[in-house]
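Notes for the one structure printed next.
Going by the order they are written in, the chains are A, B and C; count residues from 1 in each one.
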Amino acid sequence: MNDVVIFAVISLAGIGLAAAIILYFVAQKFKVIEDPKIDEVEEALPAANCGGCGYPGCRNFAEASVKKANKDKNIEGLYCPVGGNEIMSKVASILGLEVEAQEPMVAVLRCSGTKKNAPKKVEYNGPMTCAFAHNLYQGESACPYGCLWLGDCVEACNFDAMYMDEETGLPVIIEDNCVACGACVEACPRDIIELRNVGKKSKRIFVSCVNEEKGGVARKNCKVACIGCGKCFQVCKFDAITIENNLAYIDYEKCKLCRKCVEVCPTNAIHELNFPPRKVKPVENKKPDEIEKTEIKQQV
Amino acid sequence: MKTFELGGVHPAENKISENKAIEVLPIPKQVQIPVAQNLGAPSVPIVNKGDEVKVGQLIAKGEAFISSNVHSSVSGKVLKIDNVNDQSGYKKPAIFINVAGDEWEENIDRSDTLIKDITASKDEIIKKVHKLGIVGLGGAAFPSHVKLMVPKGKKAEALIINGVECEPYLTADHRVMLEKADELLVGTKILMKALGVEKGFIGIENNKPDAIEHLSKLSKEYKGIEVYPLKVKYPQGGEKQLIKALTNREVPSGKLPIEVGCVVQNVGTALAVYEAVQKNKPLFERVVTITGKAVKNPSNFLVRIGTPISELIEASGGTPDKTSKIVGGGPMMGKALVTPDAPIVKGSSGVLLFDEKESKRVEEKACIRCAGCIKVCPMGLEPVLISQLTKLEMYEEAEKNNIMDCIECGSCQYTCPSGKPLLDYIRLGKFKVGQIIRNRGKK
Amino acid sequence: MNLLTVSGSPHIHEDNSVKKVMYGVVYALIPAMLVSVYFFGFDAVRVLLISVAACLLFEWLIQKYLIKGPATINDGSALITGILLAFNVPSNLPIWIIIVGAFVAIGIAKMSFGGLGKNPFNPALVGRVFLLISFPVQMTSWPVPKPLFSSVVTDAITGPTPLGILKDGLRDGEKISDIMTQIPSYLQQLVGDIGGSLGEVSAIALLIGGLYLLLRKIITWQIPVAYLGSVIIFTGILWLANPEQFVNPLFHLITGGLMLGVFFMATDMVSSPMSSKGQIIFGLGCGIITVVIRIWGAYPEGVSFAILIMNALTPLLNNSFKPKRFGEIVKIDHK
């Protein structure tokens, strides 16, 4: 009986030993030499694998940063939008470098074509995806630039930073959750969503419209469309506003958040976010005919 | 009876307007002629605001190889060159012309006499087809002269004239075959001469016995032209399916019909070629079917290009109550219109009006893997698989499963018991895969 | 005029739906149902009703409280599962066992994969096999038919199926010719006057249902033909080799659950391959495995196991056997 036990133990140990030796040599022979820093960098990253940096996943980003650090001694152009400056300085310190802090960004929806502002002209009866609807036709609201109300951006968001507002039909961005990975920007076939800087105290001013049609045409489909009238352009003291193809655009790097443009916009297409309420109430809700007048003037 | 081998469906034919002779639609007050009406590069307008134009005058020039000239369909004054909503609602540049009288270019022969002798040489024919803006009238509007120029190393053996009209409802080609048979046959001879082929096959679906009989009788006078009845099966009129049915040759995946020695032209195109070559008439009008179960007076109209579709609807007795879908083209492959104000273009073959019930799709249910879509696919694809791959954004896989072979005939979605939007996703997938392939070419 | 509707082509749809397909199958099952009621009387009605009710109930409960999706019980698929499950059990099965079977069929084999269209195995078969393995005694004591209007007042006499008699006989070393004397005549087997599960007894009634399905194009010929063909050829070769050891193909065709399996379970759309080639391979595989189990296996009947094994291979078959593509092979005859 004992013989059997001893034999079993010895033979098993022998097999184990032989296997260990083979494994050791094989491991030596096929060793992949990899910079241990890659693992360290990857460890520091948020592991969201969202692709916001332009690489397929965090591992690839780590590889790219180590490679660039070894080659160029800097990691310029590489930025993890999810981790932000904190994580990037950590990554830099692992690589023995320093990085300049980048301004944090946030996604902004540049369309106010709600179901109320831009009423339905046709009924859509097909798969609920913007990518298909965009290829098929101009959209239920008849604005060929505006939101299609089908929510590909919400599908694309990995951070619970967006939801569809059933009432307006538009997506809503939850700023606190948004990490500016750009997935929604990529997903939107109409380029409505833009990444803009968060700004001082999260204050932002932007034109909430991307319609490049002539004013009259744009307004026919949507009450709050930018008609390219140029009033904001005239009132801006900082050259932050440009008008191209009947559409105003506010450069967030030049904008000083004075809010003058918001006041003069005849169609309320310029939005301000996170500002305290105004002390003196401006003449809001201009009379409809007044808007019509400006529009007519601009058409002439 | 001849037909293609794989798949196919048989939708209710509903050829309501087949006994209605072609009527000339009165010229509208204003036409909007889009400058891009053909596949390929858009044409460039060569008239300006305020110019006086005549019927048949060149107003936009196609400069690229795959492009086509556009001619004025009316006489009058150019109002403006502006954007017009096309069928899908996107803005497309168009030439707006206010109609005044009906003055034609002098060199157009407006008589009805049949000119049988083909005096033009091969090159002259191709030149004229190009110059006078002839495009495929079956729907895709592919410039015809391109098809007539056989690439080096390839040899055309047969010309196939597509008189199948397998789309339900549509009857425009049927009427052309009945009323313009001689012109059509001379047009076929012209095309045969341009290609240098001895054989011309005319394929007609068997639900048009009158057209088959009429053309068979007349074609005896024309050497080399044979008329073949084909089994009633959709998509019999698909280019590749038609070639398979008539010659038993399969166009290889991703290749053009010329690969197997065939060139396919629509009957409407053959007629337009006759008019262009023998009568100097550019392509500025075409036969359009307007029909629908509730339409008062379903008709086949000869319509000037650029006429708003709403005029057609008016002429057919007005929009019936409860109309909630207007389809430009046939019910299987046509486009749902966003607005009836969109103009008729060279590729418009019909306008259908559907009531509420016909307009709505059936409710989407879970796929029961019945393989119905696979059985009906005329290209032997797996629609359920490639649409699912597109949904999952696995475009490379979709490409491997030959998504680009899809001819978008719609048989899969037509037959699906679960009401899945199969073709919608396949179309999206083709678009995305096409982008990927183009990007690959750039690198 | 209403708002215009916009959608991609095609703009027309065949008059066809999941519900129509499913109820087509239910209609096809009616002949076999009537035969079973005739031969097994009230018991058959009881088993059918309980099985169907339990299947519908489980589907409704799971859909409502676990999946939280729209109600799916009226699409007819749970109804089919219920009928098929009842067809696969003896008529004297206790109520609670039927309910357990229904739970396994709907809850585990179907809904846990996400419901209709997503189950890899045929739910009714999973239910049956589960019961067969868990309650072998109850599942294999088949009552002898006591026709509805017969005057025989014998109570619950049970006996083996023809296949069971065959298997036991062969095990005891008897010759086929001797065993066949104990087995009901072919006519009785065709009509269904034999012991067996509820729905499998009458080959004729099932054949009628199967032909109806083929005519309505709910199923295609590939699976039934390949399945029946392979069974006939395989058993035929064995029979020709040694008629004293192996029984003739006709016997194999009309006994047991073969007809039920061939027309109603192997052809289940969800769990069978999609291309014609794949379906033929699937049918062949089912036939061969069925015969192997019937002749050399421990169980007298092998249809359910054969179909389940081939169900497992379905994704593989789908991947390996693609439909014939247009333009794949260039053949030009220059005439």
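Just a few scattered comments:
Here is the rule we go by: contacts are C-beta pairs under 8 Å (C-beta built on N, C-alpha and C of every residue); 3 or more make two chains touch, one makes a residue touch a chain.
The structure displayed is predicted, hence computed values, not measured ones.
Chain contacts here are complete: no pair of chains fails to touch.
The most distant chain from chain B, with centres taken as the mean of CA atoms, is C. In this view the innermost chain, defined by its CA centroid being closest to the centroid of all protein CA atoms, is B. In this assembly, the C-alpha centroid of chain A lies 42 Å from the C-alpha centroid of chain B. Distance from the chain B centre to the chain C centre is 49 Å, each centre being the mean of its Cα atoms. Separating the centre of chain A from that of chain C, both taken as means of CA atoms, is a distance of 54 Å.
Residues of chain B in contact with two or more other chains: 324, 336, 338-339, 359-361, 421, 424, 427.
The residues of chain C that reach two or more other chains are 2-8, listed in rising order.
Contact with two or more other chains is made by residues 121-123, 125-126, 132, 136-137 of chain A.
The touching residues of chain A, counted against chain C in their complex, run 120-126, 132, 136-137.
On the side of chain C, the complex with chain B involves touching residues 1-14, 16-18, 20-21, 72, 75, 77, 115-118, 220, 269-271, 274-275, 322-334. Against chain C, in their complex, chain B makes its touches with residues 6, 9, 11-12, 157, 168, 240, 244, 248-253, 255, 260-261, 319, 321-327, 329, 331-340, 352, 354, 356, 358-362, 365-372, 374-375, 377-382, 384, 402, 405, 408, 410-411, 413-419, 421, 423-424, 427. On chain B, the positions that touch chain A within their shared complex are 85, 88-91, 324, 336, 338-339, 359-361, 421, 424-425, 427-428, 431-432.
On the side of chain C, the complex with chain A involves touching residues 2-8.
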